[in-house]
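In what follows, a single structure is set out as structure tokens and then discussed.
Chain lettering (A, B, C and D) follows the sequence in which the chains are written, and residue indices restart at 1 in each chain.
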Amino acid sequence: MNRGRILLFATLRDYTGSRSLEMEIPAGTTVAVLTEMLIKAHPRLEKVRTSMMTAINREYARDEQVIPENAEIAFFPPVSGG
Amino acid sequence: MNRGRILLFATLRDYTGSRSLEMEIPAGTTVAVLTEMLIKAHPRLEKVRTSMMTAINREYARDEQVIPENAEIAFFPPVSGG
Amino acid sequence: MDSPTYLALTQDAISPDDLIARITTPGTGAVVLFTGIVRGITTHGETRQTSHLDYEAYSPMAEEKMKQICVEIRERWSAVEGIAIAQRIGQLDAGTITTVIACSAGHRDSGVFEAARYGIDRLKEIVPIWKKETGPDGASWVEGHYHPAAGE
Amino acid sequence: MDSPTYLALTQDAISPDDLIARITTPGTGAVVLFTGIVRGITTHGETRQTSHLDYEAYSPMAEEKMKQICVEIRERWSAVEGIAIAQRIGQLDAGTITTVIACSAGHRDSGVFEAARYGIDRLKEIVPIWKKETGPDGASWVEGHYHPAAGE
């Protein structure tokens, strides 16, 4: 078990009301599972389920990727800079 | 007959030693004929004969074009700005 | 060959003059610069007005991705010498420069046009920055569309 | 649609910042700017050094031809809003901006990249400007190659 810090941006920040969250992340948790945990904790995220993206240690992550210990985790919508 | 003023630029200025020349230009003179007159007056221009260009009233001119009266005439090498 | 790289994620005004100077080397004969500007009036589709945009960034990752874009550009256009990428964040009014991508090279036929185009396309795909648009009808987040592959 | 046009044949320093501001309209979301710079070191072919270039222009015709390039750009890329073309003349040291072509539009996919590229290509073909290069071995005129058709 590992207390993880999750960063949230743009619409995800608005829907959760937070810039960052702390969550208990069991060892072996994948990105897909963590996404479900996050949506369960913040049901308003349901509507961006298919568009939200995850970065682990500042790199775009795969759904099946296992979250390493002490990772920097971020969830956000598709980018719109420029 | 018409006393014409001819502007010269870049290498043509160097070869003639002048920024502008005055020449007697008979009525009906074409660009090709004027070019020959100019080379005859300034034989160093022989070596740029094939590359030199003519503008009449600030527009690229054809060899067979007749020089109108009171025209602004310019001779110069291919451009190299930018 | 000098290969200056200048990256900025900044709250301050972006100066193309300054960025061009930063990527001008003794071998530079050509710079192509793209700049994005806050449109006050958008006429693609339905016409709408924008008073300002608010940009936010996931800064450390954005800086990493800007570096990555430079690597990608240099892999594709080996004649590119200098690269500058700047993105301004915070509240930006209509008419304000939001981003600049500039590439320098010896000559204009070296890929600098394509490299700058590639740079702005990639910035809009992979750099984690978002903007919220405020107009007469209120504010809303601008939706991106691209989903980078893992590790992209 | 606003269509500002700004042309300059000048002895003074050219500021891309200034030119971008001049062609930014309420509808502008993208500007592509090309700038030519005096190369101190040229490595195309044999390596050579340049200390400065001296530019001269047939000014009234050059201004006409710069206008013509704007017309040609607008005929080809109707989405282009603003166009700025500037050429500096006089003695310009290595590292100095010699020319700028900038085009503005609502969006980057509107032809602004192609329009700016076309602009600099045409400037080097039809605008009567010449440069003499001075380096360690003395000075010589740079040879152009393009022969415009009559009336081009």
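By our rule, a contact is a pair of C-beta atoms (placed from the backbone, for glycine too) under 8 Å apart; a residue touches a chain by one contact, two chains touch by 3 or more.
This structure is a prediction, so every number in the text was calculated from the model and none was measured.
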*May I ask you to list the chain groups that still touch, directly or through other chains, once chain D is left out?*
A, C | B
_Relative to chain C, chain with the most remote C-alpha centre_ = B
*Once you find the CA centre of chain A and the CA centre of chain D, what distance in Å lies between them?*
48
*Which whole number of Å gives the spacing of the CA centres of chain B and chain D?*
26
*Find every residue in chain D that makes contact with two or more other chains and list them.*
36, 120
*At least two other chains touched by the same residue of chain B: list those residues.*
none
_What's the complete list of touching chain pairs for this entry?_
A-C, B-D, C-D
*Residue ranges of chain C in contact with chain D within the complex*: 1, 15-17, 20, 24, 26-44, 94-95, 97, 104, 106-108, 113, 116-117, 120
_Give the list of chain D residues in touch with chain B in this complex._
36, 55-58, 60-62, 64, 87, 98-99, 120, 123-132, 141-152
*Which residues of chain A touch chain C in the complex?*
7, 9-11, 14, 51, 53, 55, 58-62, 65, 72, 74, 76-82
